[in-house]
Structures are given as structure tokens and as C-alpha cells.
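Sharing a structure with you now.
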Amino acid sequence: MMHPMRKKRLQLICLGILGIGIALALILTAFEKNLMYFYSPSEIHAGDAPAKRPFRIGGMVVEGSVVRQAESLGVWFNLTDTANEQMVYFEGILPDLFREGQGIVAKGQMNKSGLFVASEVLAKHDENYMPPEVAEALENVQHNSKVD
Amino acid sequence: MFRFFYHYSSLRNFYFFSAKLTPFLIAVFLAFLIYSLYGALISAPADYQQGDSFRIIYVHVPSAWMSLLVYMAMGLSAVSVLVWRVKLAEITLGAIAPIGATFTLAALITGSIWGKPMWGTWWEWDARLTSELVLLFLYLGVIALLKAIDDRRTGARSASILCLIGIINIPIVHYSVEWWNTLHQGPTVSKFDSPSIHIDMLIPLLTMTVAFMLYFAIISLYRIRSAILVYDKETQWVKDLIKRNERGQI
Amino acid sequence: MPNSLEVKNLSVERSNRGIIKDLSLSLAGGHLVHLKGANGSGKTTFLRALAGLIDPSHGKIFWNKKNINERPFSQSCLNYVSHSLGLAEELTTLENLSFLRAISRKTLNKTVEASLEAMNLKSFQDYRVAILSAGQKQRASLAQLLMFNCPLWLLDEPFNSLDTESCGVIESLIDDHISNGGIAIVASHQKFQSSTVQKVVELK
Amino acid sequence: MITGTNNWNTLFMLVRRDVIKTWRQSADLLYPIMFFVLVTILFPFALSPETLVLRSFAGGLLWIAALLAMSVSLENLFKTDYSSGALEAIVLSGVPLLLVGLAKAIANWVLSGLPIIILAIPLALSLGIDTFSLSILLLSLTLGSVTISLIGTSIGALSVGLRSAGMLIIVLALPFFIPILIFGAVATSNSQTGLIPEAELYFLAGLLVLAVTLTPWATASAIRTRLG
């Protein structure tokens, strides 16, 4: 026979663990529902991205893929996560930091023909800190691997 | 083991023990500081995009890390206050809260100075900067509660409870702010699988962090020791100490 | 088992000041202690420490050989009537006492109605506490003593704002309590009319 | 046993007592609710009376108003019970403090959270919200307000009896409410684009369960500390 006081304490601890467990399960479910609404080109290829609602896409602008429309602000470019590419169309003024090879985030929606129509394009500074030579070297490697 | 902790958690023993420890800490701190300053300002190369302005990282990042570390230290003290009722922990909690708040403020200010060349504005609702701002308010809350309660034991215990609620809240705030931020600005895209910081830049950053930790240890020991004297001012050993001190000065 | 209360080298701090310093006291059942002392001498602090509300900075309190500051301590052995009365002003006397009786984990004694009757408050039971006179409030609060069966009574200024007749009622209550083997510690500036006081503790 | 029938009964008695008490002290009940309505109707004056503008901000501004009003209501939760000694009497009656903490939070929610949710309906409609978004707003407010009551009760218990406690409570509590505000407001604004903001609602529910599990301990410990 367990001491009633100890039994009570044990029950409380079990309840506490149960509560934390449920809370974690709910929060993890929230993660699963993709709280970010953020998808990579690969995920879009796999068909994970929503078809009917806006979301975000992130990736690097593929070198040489930028095509500007002659008489308007329209621009096409491809985004890559190194595995897959996704074509994006945007009409508007691109941010100053928008360059080929730069990581960007675009907000918009898929159209029926599989083109991502962006309503907004954001260029983010990247979070790497390295000397210029290293950056250059890294760029060369990437360039070469693309040529191969 | 228990006896060891018991011995050093007695205020008087801690006072004398920490007095012996301090000069040693200062020496190690200076060594680390000088080495890291050399590394940070001279030997580390300039960044390929940001040039020399990236060097503020050596103040910003250690401050930001310390702001979290000090909160964790406060959390440990809070548990000791609430569970074991350790007097030394009560004193520690009150002594380190302002230091933690200062580190947080330093991280915010340097972040904003860094933001000027990087983003073009002094303040950007960047996820990390915003959660750092919330962290500052958590610190200020603990300090405000400590100041509002006259009785030091009740004050320390109340502040401990608030501090522990805060500890659970820190990851939640951090995560939700990040999520909110990406919703409005898009997450930072990093270059895949490439080293995010070069080794020549990393080593001074790590040693600078150690220097910050030692600085924190030294300053908090000073604050704890002066708080111990106030706490125990009615006891014989403090009275003896004051008497000896006066004689020494004459 | 006969009741016993033992206070060993008790020191209590309030607002960073030592209020009670090194107080020791040993009591067996059937004792009435008159707690005396000037304002601010720590009478209330002492009673609150005995009630387990304040943790002492040094020393220990034992009730029936059990340390009251070690959790879990159930306060079911004691009846503490503070001078802040403990009654919600918005509720009636009856509501207040019925609530306390219903939630209490103590051994129950008289019903609320019987307790109010004994305190001469039956006709005021449906009045909100806010509109009662000071003496009536005091009596309503003291009615708690009758509702529960607790061997230890801690009374903080129970004779405050009471007329002579009511004082007599309270004193006879206390007499009954200690003659049944209970212990009562009463903080008061007033002298007891009857001579049941076995011990006077003066706080400085 | 914490789950025994006796404890359910005690919990019910504690909540009922608080509700009756506050009901009779109608000012304590009315001020936070009036505050909620007034703050909400201030926004159209500051922003624009145009439905299009107001509709896009509706979720956020109702959430801010609800958050502030609930923070204001926290001061009265413990104030009179502390000064009259009733809190002390409840503690000494031997009731588990966890129950007292839980009961105070429930009472706070019934007395300020629930009326705010009900009043949010006409206010949201007047700001031009559609019915689907309204249902999401109400759901997020329900999940969030219970969490606010639970966390707020702990903080209210910590600051009871202190100088300018009302302001102190608000200052201490608001940083803790930021995650709730973010998810609540975004859930509403996302629902206005026609999506079901499942992720946000799951997250709010997770926070709620976490608060139910942990805050009663903090409140219990705070009550014991403030009485000592």
C-alpha cells in the first residue's frame, strides 16, 4: 500500500507529464501543417505545395536564367535549391540586392501551367561570413559544377 | 559532495573563497581579452560582402549569447531558491539580473548599429533582434519585481517564479517571433552546405565569448560579495571585517 | 495522543529585519498562552509563523513532534483568526462561513447556523459583511472557531472592538477549548478577566 | 487525490464564490469589458472609417484590445481577497493551492474572457469581417483567452499587494502574451484570405494545454510566497 501523500504526488507528476506531452503533440502537429507556408523548388516538384493559396518559395536565382520583358517590368527567372528548379514570373521593381546566384524569397501563387507568379520578391543578405577570397573560391566551385 | 556545496553556499565561506578566486579570474580574463581583440581586429580577414563593418560581430554575438546564458544562470538560481531555499542563490539572482539586462541591451544596440550598413535602417523587425527585445523585457520584469518587494526573501522567491515562467516562455517567444517574421519577410536563405563562418573569423569569436563569460563571472562575484555584506551586516563576521578594514586604513 | 507544541530557537525576519530572535517555547495540551508585546514586537509574525504562513529564517516548530515547515504540512490542526478577519466584504456572513466550511479539510464541528447563533449573529446572517459593525465582523470571524475541531487556536487580537459581554463569550469559548485538552495562543493588549492563563510570553 | 470528487466540488465552490463576489462588485466586472469595447472603437477613428481598411486590420486590432482588457482585469483577481485576509483563510482551510490557482484562472476567464469573446461578435461584424473569419476569430480568442487567464493569474498572484500592482501586472504580463497575440491575430488575418489556419490554431491549443499544466504550480507557489 502506497503512502497516500506519495500516491497523490505521483499522480500529479503523471498529470504534468501527460499535459506537457499533449502540448508538445499539438505544437508538433502545428509544425506539420507547415506553419511557414514556405516551400522549396523540390517540394513544389513533389507536389507538396498548395495549388490554390499563396505561399512562399525560397532558393537561389539560377545564373543566366533571368529574362526581362522588353516593354514592361516583367521578369522571368529560375530558382534552385541545387536539386530542382522552379520558374518564377514577377512584374514590378526588383530589390537592389537581386542578382544572379543570390538567395531570394518570393511570395505568390502557382498558376495552372506550373509557373510561380510572384507578388513580391525579397532578397536576403546571406548569413555567411568569409573573406573575399573564400567567397570567390566557393563561387568558382559552384560555377564549375554547373558547367560539368 | 553535499557537504562541499553546503560549505560554499554559506555566505561567509563564499565571500572569502570568491575573494581568493577573483584575481585569478581577472588574469585569465585579460589574457583571453587581449588575444581575442588581436584576433578580432587584426588577424581576422575582412568579410567579402560587408568589409570591416562585420567586426562588430565580436561584440554583438557574444553579448547575445551571454544574454541567454545569464538568463539560464538565473533559472538555475531560481530553482535553488524555490526548491532548496539557498540564500546564496537568492543573492545571486538579484545580483546577476542587471548584468544580464545589460548584455541584452548591448546586443540590441550593437545589432542596431550593425543593421545600419546591412539593412540600411537602425531597426529592422528581424526575428532575432525582436526576440532579444522581448528578452530585455523579461529581464526588466524580474528586476522590477525584485525592486517592488521590500522583503528580500519574498522578493527573491517571487522573482524566481517569474524567471522560471520566463524560461519556458523564451523558446516559445523565439519560435513565434521567427515564424511571424518569416511570414512577413521571408526566411534567410543560406548557401547550402557551405561553411557559414570562416575558421579564422570563428576562433576569435569563440575566445571572445570565453572572455565575456569570465567578465560576467568577475562582475557577478563583485556584486554578490557586496550583496553578501549587506545581507549579513548584523552578523559578527561582517562587523569584524569592517573593524579590521578600518584599522587597516588608519 | 496528548497535543504538544514545541518552538525551538525560532527566528523570523520581516522586511530584512529580525523581528523574532531565538524564541523557544514548549507547550502541552490544556494550556492558554497570553502573547504580549508593544506594537511591532512581532506578535502577528509569531502567530503567522506558527500557522505555517511564514517560513522562519532559523529554528523549527513542531506540532505533535512533526516539523510544520516540512511539506506536506496540513494546516488542519489549527484555527487561525487573524485581525484582518478573512471575510469577503461582498458576501454575507452566512455565505462566507458556509463557503469556508464547505471547502475546509478540517474536522467539522458545529454547523454554520449553530456557530452564528452562539456568536449572537443569527439575525445578521444575510447581511453583507461590508455593512456590519466592527464588533459584528469580529464575531463573525470568530465563529470559525466553532465550525471546526482544531486542537490549536491562534488568535490575533480576538477582543478587538468587542463589548464586555462578547469578550466574556469568547473567553468562555477559550476556557472550554483548553479544558478539552486544546492549546490556545492569544495575542492581546487586553487582560483576561478569568484566570485561566497559564503562561505569559512577552515579545520585545 | 487531486482528481477526487471532493476536489472537483471545491474547485466549483471556489469559482462560484469568485463569480458571485465580482458580480456584486459590478465595477470590477464592467470596467475591463468597457475598456475592450472602447479600445476597439478607437481604431476606426485613428485609421479610417473605410470598411476595406478596417477589415484588413480587424483581427489584429480586436486581438490587441482583448489582450489589453484582459490584462487590466487581472489586478482585481486577488486584490480584495488579499487585503481582507480571505485568501489567507482559504489557504489555511487546507485546500490544495493548485486548486486555488486553477479556480482563480477559471473565474478570471468567466468574468472577463467570456464577455470579451461574446462582445467581439458585434464588434468584428461592425469592422466588416465575414462570417467564416468571425468563427476563426472566436475560436482563436477562446483558445488564447484561456491561456491569457492562466498566465495572468500567476502574474497577478505574484504582484498582489504591491505598490501600483495594476500597472506592474500589465508590464510583467504583456511580454508573455506576445506569442498568443502573434498566432491569434495571424490566424484571423489568414482566415480572411479563405484559408483554415490549422497550424496557428493547433499552436494556440498547444500553448493552452501547456499553460493548464504548468501555470497552476506557479500560481500556487506565488500565493504561498505573497502570503509569507
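Letters are used for the chains, namely A, B, C and D, taken in the order the chains are written, and counting of residues starts over at 1 for each.
Keep this in mind: a contact is a pair of C-beta atoms (placed from the backbone, for glycine too) under 8 Å apart; a residue touches a chain by one contact, two chains touch by 3 or more.
Treat the numbers as computed from the prediction; the structure is a model and nothing was measured.
Taken together, subunit B and subunit C share the touching chains D. Taking the mean of each chain's C-alpha atoms as its centre, the chain lying closest to the overall protein C-alpha centroid is D. Measuring from the averaged C-alpha position of subunit A to that of subunit B gives a distance of 33 Å. Once the centre of each chain is set as its mean CA position, subunit A and subunit D turn out to be 35 Å apart. Once the centre of each chain is set as its mean CA position, subunit A and subunit C turn out to be 67 Å apart. Within subunit D, contacts with two or more other chains are made by residues 203, 207, 210, 214, 228.
Along subunit B, residues 179, 183 each make contact with two or more other chains.
For subunit A, the set of residues touching two or more other chains reads 35. Only residues 7-8, 11-12, 15-16, 18-20, 22-27, 29-31, 33-35, 53-54 of subunit A touch subunit D when the two sit together in their complex. Listing the residues of subunit B that touch subunit C in their complex gives 85, 150-153, 234.
Interface residues of subunit D, counted against subunit B in their complex, comprise 151, 154-155, 158-159, 162-163, 168, 171-172, 174-176, 178-179, 182-183, 186, 203, 207, 210, 214-215, 218, 221-222, 225-226, 228. Note for the complex: subunit B touches subunit D at residues 82, 134, 137-138, 140-141, 144-145, 148-149, 154, 157-158, 161-162, 164-166, 168-169, 172-173, 175-177, 179-180, 183. Subunit C makes touch with subunit B in their complex at residues 13-16, 18, 55, 57.
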